[in-house]
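Both complexes shown next keep subunit A, but they swap its partner, so subunit B is in the first and subunit C is in the second.
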Partner chain A sequence: MINIYQVAYKNLLRKKTRSMLTVLGIALSAWVLVSLFGFNNGYEQSLNHDIDNLGYQLLVTAKGCPYEAATLMLKGGTGLRYLKEELITEINKNQEVEKITPMLMQVVLDPNKGESGGLTAYLGIDAATYPGMKTFLKFQAGNWFTPSASNEVVMGYEAAELEQREVGDIYLIPEKNLELKVVGVLKRTGTQDDGTIFVPIKTLQQVFGKTGQVTGLGIKVSKNADLVRFEDKMYNLPDVQVVSMVQVKQTILNLVGTAKVMVLSIAIIAIVIALLGVINTVLMSVFERYQEIGILKSIGAMPLDIFKMVWTETLILCAIGSLVGIGLAMILAQISDLLIRRIIPYAPAGMLVQVDFSLILFTLLVMIAIGLLGGIYPAWRAASIRPLEAIRSEGE
Partner chain B sequence: MAIIKAKELIKEYVRGAETVRAIDNVTLVVEPGDFLVIHGASGSGKSTLLNLLGCLDNPDFGEISINDQAIFKKGTKLSESVLTKIRRENFGYIFQKFYLIPTLTVFENVVLPGVFYCKDCREKVIERSKQLLSDLGLSKRQDHFPGEISGGEMQRVGIARALVNNPALLLADEPTGNLDSKRSNEIGEILTKLNREAGKTIIMVTHNQDLAKLASRKIELSDGKII
Partner chain C sequence: MKKILLLFFGLTLLFQTTTLGAVGCDLNDPDRDVKRFFPQMTNYRTEYLSIKTLGGENLYLLIQQRYGDKFKGLYETIDVPYTVYTVLKGKEIIGYIHGVNQKGKYGGLQVFLVFDPRGTIIRQYFQKMTASYAGKFRSDSFSSQFIGLKLADFIKYDVVTGKFPPKVKNPVPEGEDDFKAALRGAKKNLILMDIFVFNRQGREK
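Showing the complex of A and B:
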């Protein structure tokens, strides 16, 4: 036997186009909501992943713009000023230091890259200390170069794919005409290491005329050390800037916060529009069925029955709309990812929009709550219809 | 025991600056098994009286009791929920314009009052609906939608719907007003059968003289008064 909920569902089928447009409006709101919160989760996770995979908590660089330092180091960029390598000895005197590794970033214009050439970044590292900090880096083939090696290179997963190199191949640094032997290719990490070409730091210093100079010193602090006190100590060193990875994360999150506020505003507007759409659709439907609702009451429907029936209509619209929107968000997550990458100042590697079960449930609940809220007024109006008014319209 | 007792009923409407007395001091007793026809000119108050007797409206003055239970006492106003409870326990309504739900099938339209009232006796409602559709010659139409059947069939569906909760009293407001004479006669026969064989009490408002002839009692209204 039919029940009130089926009657509600069949009511929505009367004006299919109107119901579909309302569902579409709700779906778009749900899509925006899922993408926004998915971005909220995904961005922070990706950023944490990137920062954790740096392997060090503090980065010592030459004095300059802290934002530049933060974003360039995360992106594996260059353009930074140089520090003297002997600073390592001084920093190492501190008890808090567990490990320290020098890094030198250099960039070369490769005329054979892309249509009009492209930049290739090299990271000079110390084979004795760097691998110990980045223990999570695994090799697809080969291994790190030995500390004494000079003309060897290790390639990140994407760099090796782009350059089409395997272990044992020769790699040439453009402009410098230096041939290096590929001794290792890393597995994919989902971080900027994938695109990096690792070269022994001494070789890079020599080739680029930067002997005794580095662009940064990565410091891993011992477990029980007071990080804040140690940072203060580092600041006392001349011409040095200390970037804590916690600070970097906060700085980037602050920058991205503006974009988030913008997207949140759009989401709220979309939700309000969807809510008004639901109220409009259901209220119109109530007014169109004015007589019919009166008759339902005259044949035995209590005001609560009518309220439930109309409320169910909004619930169905919102539930279908939310499911469609969530589906869209999941299918189009890649496109959302690309769009977001274009508008935010720094995008970490990995998926920026991450849709998980709890987010799906949350969105569904939010949209249904909105639907229930939006349905109160039309349902109340319908429940208040007096059967006599409907019957009177028959005339005497 | 009278099924309905109405005493000194008065109902007034305000139209602009004017107050119109639609029902003026009407006293009426409806006995079980009556087939009462209310007739009169347009605007004489027939439908208003039917609405008061059927608890679709509160009288301004006067008393109404159903099965000796006082429903309206001097000036009391009952809430919509209370009126609904009284209506669904006692009355079945038949309308001139049928008012079937277009998105529901004939069978679903008939079971609808049972959906609202008889929530714990679904099987009974289904069985009764099928029986009513069969009795009214609509078994083959039960899966059709109202838009797919004729006016006469729609009114028969309306009668089945009015009977599904097995009310003691049927209230019909111009039940043949939208039908041709052949279909009107069919509906008349059905109502007579319901009154004589099933013992249903019927109160009917009609302009149709042929239909009025079927009644066991007639009252005529003029300016809200029984003449």
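Showing the complex of A and C:
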């Protein structure tokens, strides 16, 4: 004997095109919803990963000093300002400091790069403290130089690729004519470390005549420390600018927040349209089956049975639509990723749209709940049909 | 401050977008450089070709056979994207430009060759060379020695021993390693262009 669910299913098959279009509408809404929440998860995770990969929470530089290679290159290698290395001892006195590492950025003009010369940046680091902060850096070959090493160099993957260097090769710092031995080539990280050439800080200080000077201090703060208070303390140091990675993260999240609100608005509109589509489809179907429902009731179907039947139709439409939408979102996650990257001001490395099981379940439940809500009115209308009126209307 | 941060992260993103796949060898400023080599040009076409997609492992082996040595290092891989610039004057092809990366003694060399439509070198250019004597290798007196040479002039050149070199003289006696690297890069460039454009032997696509 045929049950109520089979009847509902067969009813939907009677108007295949209409049912398919409704499913498509729901699917698109589900797709937008999954992608939006997937982006919410993925973006923050990727951003955290990027920030963590910097290895330190605070960067202390001299006021007005460009603190990253990229900015430095833009300024043509000029504008560097220096801090005294002794500042490390002073900052280390703070109990909030877990680790501190000095860095010295230097740039040379290589006249034999391109038509009119090109810039190459070097990052002087302390082999005793820097690797401990950047524990995620892994080696393709070789290792870090030893703390006492002088004429050695470690290259990021892309820097090594461009210079065609392998462990054991010689690398020359143009302009200074200093030969360094390549002792390590890093694996790809997807960050600017890939293009960095790491040199022992003492060597760089000596070669560039910057003994006792650094361009930045990376500070890792202990877990329970009050970062804001510590930051304020750092600002009390003379001629120092402090870049907090938490601030950086918050700034980016604020910027992206605007884009998120826009997408969320679109998602809400899409859901409302899908909801109206479901109501329309099921209500049309109820009106078309007016006499049929009347006959069902006259042969013994109770209002609750009719209500359940119509509601089940809504449930089936929403469930299929949601599953299709979730499938689409998973398949097209990479395309969504690319599109989002074009829209937002800063996109971190890693997958921006991350779809996990809890998100799938959440979307499925939301879409079904919305569908069931939308199905109440058509189901109530169907359940309220009076059998005699319905049968009598047959000839009209 | 926000602007600096945006700039920094924007540039970080720029770096990230270039991290995929093996590194190729492009002209730094194609619009300017192509015009410099072919002042009469009206347009140019850029194609990205790789041994992997053109003929796979078989082509890779064939190239190494013609080359007379195995491709070495972490970076001379089968998936390196090579950029071929086809230079046009109206609809007529007036030449090609192609560069390869080559390991030098102190750093990477970028060996560009400029060809006429029949595959004869009309210009040699090191886009990048790291060495204290690099200026001598980048001079006109050195690069002009390549003018008029073809693949046939390099085919006997042994890239391993340096025997049977083409008629090109080393401008810096202490730079023998880089001189050999320059010839090695030029031979690699000529073989690849023979496969990519002039002869298309071994190509499946």
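The definition used in the following text is that the second predicted complex is superposed on the first by the 253 of 396 C-alpha atoms of A that agree within 3 Å, B and C clash if a C-alpha of one lies under 4 Å from a C-alpha of the other, contacts with A are read in each partner's own complex, and residues count from 1 in each chain.
The definition used in the following text is that a residue touches a chain if its C-beta (ideal position, glycine included) is under 8 Å from a C-beta of that chain, and two chains touch if they have at least 3 such contacts.
The structure presented is a predicted model; accordingly, all values stated were derived computationally and were not measured.
S.K.: Figure out whether A:Glu166 sits in contact with subunit B (first) or subunit C (second), or with both, or with neither.
M.R.: The answer is second: A:Glu166 touches subunit C but not subunit B.
S.K.: Considering only the touch criterion stated at the top, classify A:Pro174 as touching first (subunit B), second (subunit C), both, or neither.
M.R.: A:Pro174: touches subunit C, not subunit B.
S.K.: Touching A:Thr251 in the superposition: subunit B (first), subunit C (second), both, neither?
M.R.: Only subunit C; A:Thr251 stays clear of subunit B.
S.K.: If we overlay the two complexes on their shared chain A, which of subunit B and subunit C does A:Asp110 touch? Say first, second, both or neither.
M.R.: So A:Asp110 only meets subunit C here.
S.K.: Thinking of the overlay built on chain A, is A:Ile295 touched by subunit B (first), by subunit C (second), by both, or by neither?
M.R.: first
S.K.: Who contacts more of subunit A, subunit B or subunit C?
M.R.: The partner that reaches more residues of subunit A in the superposed model: C.
S.K.: For subunit A, which residues lie in the overlap of the subunit B contacts and the subunit C contacts?
M.R.: none
S.K.: Please give the residue numbers of subunit A that touch subunit B in the complex, ascending.
M.R.: Listed in rising order, the residues of subunit A that touch subunit B are 1-4, 7, 10-11, 13-14, 291-292, 295-305, 386-388, 391-392, 394-396.
S.K.: Could you please specify the touching residues of subunit A with respect to subunit C in the complex?
M.R.: Contacts found on subunit A: 50, 66, 68, 70-71, 74, 110-115, 118, 140-141, 157-158, 160-166, 169-172, 174, 177, 179, 185, 188, 190-192, 194-195, 248, 251-252, 255, 345-347, 349.
S.K.: Sort out for me which residues of subunit B touch subunit A in the complex.
M.R.: Interface residues on the subunit B side: 42-48, 51, 56-57, 80-81, 84-85, 87-88, 93, 95-97, 99, 101-104, 108, 111-117, 122, 125-126, 161-162, 165, 173-174.
S.K.: Taking the complex as given, what residues does subunit C use to touch subunit A?
M.R.: So the residues of subunit C in touch with subunit A come to 2, 4-16, 18-19, 22-23, 28-29, 32-33, 36, 73-75, 101-109, 126-132, 134-135, 138.
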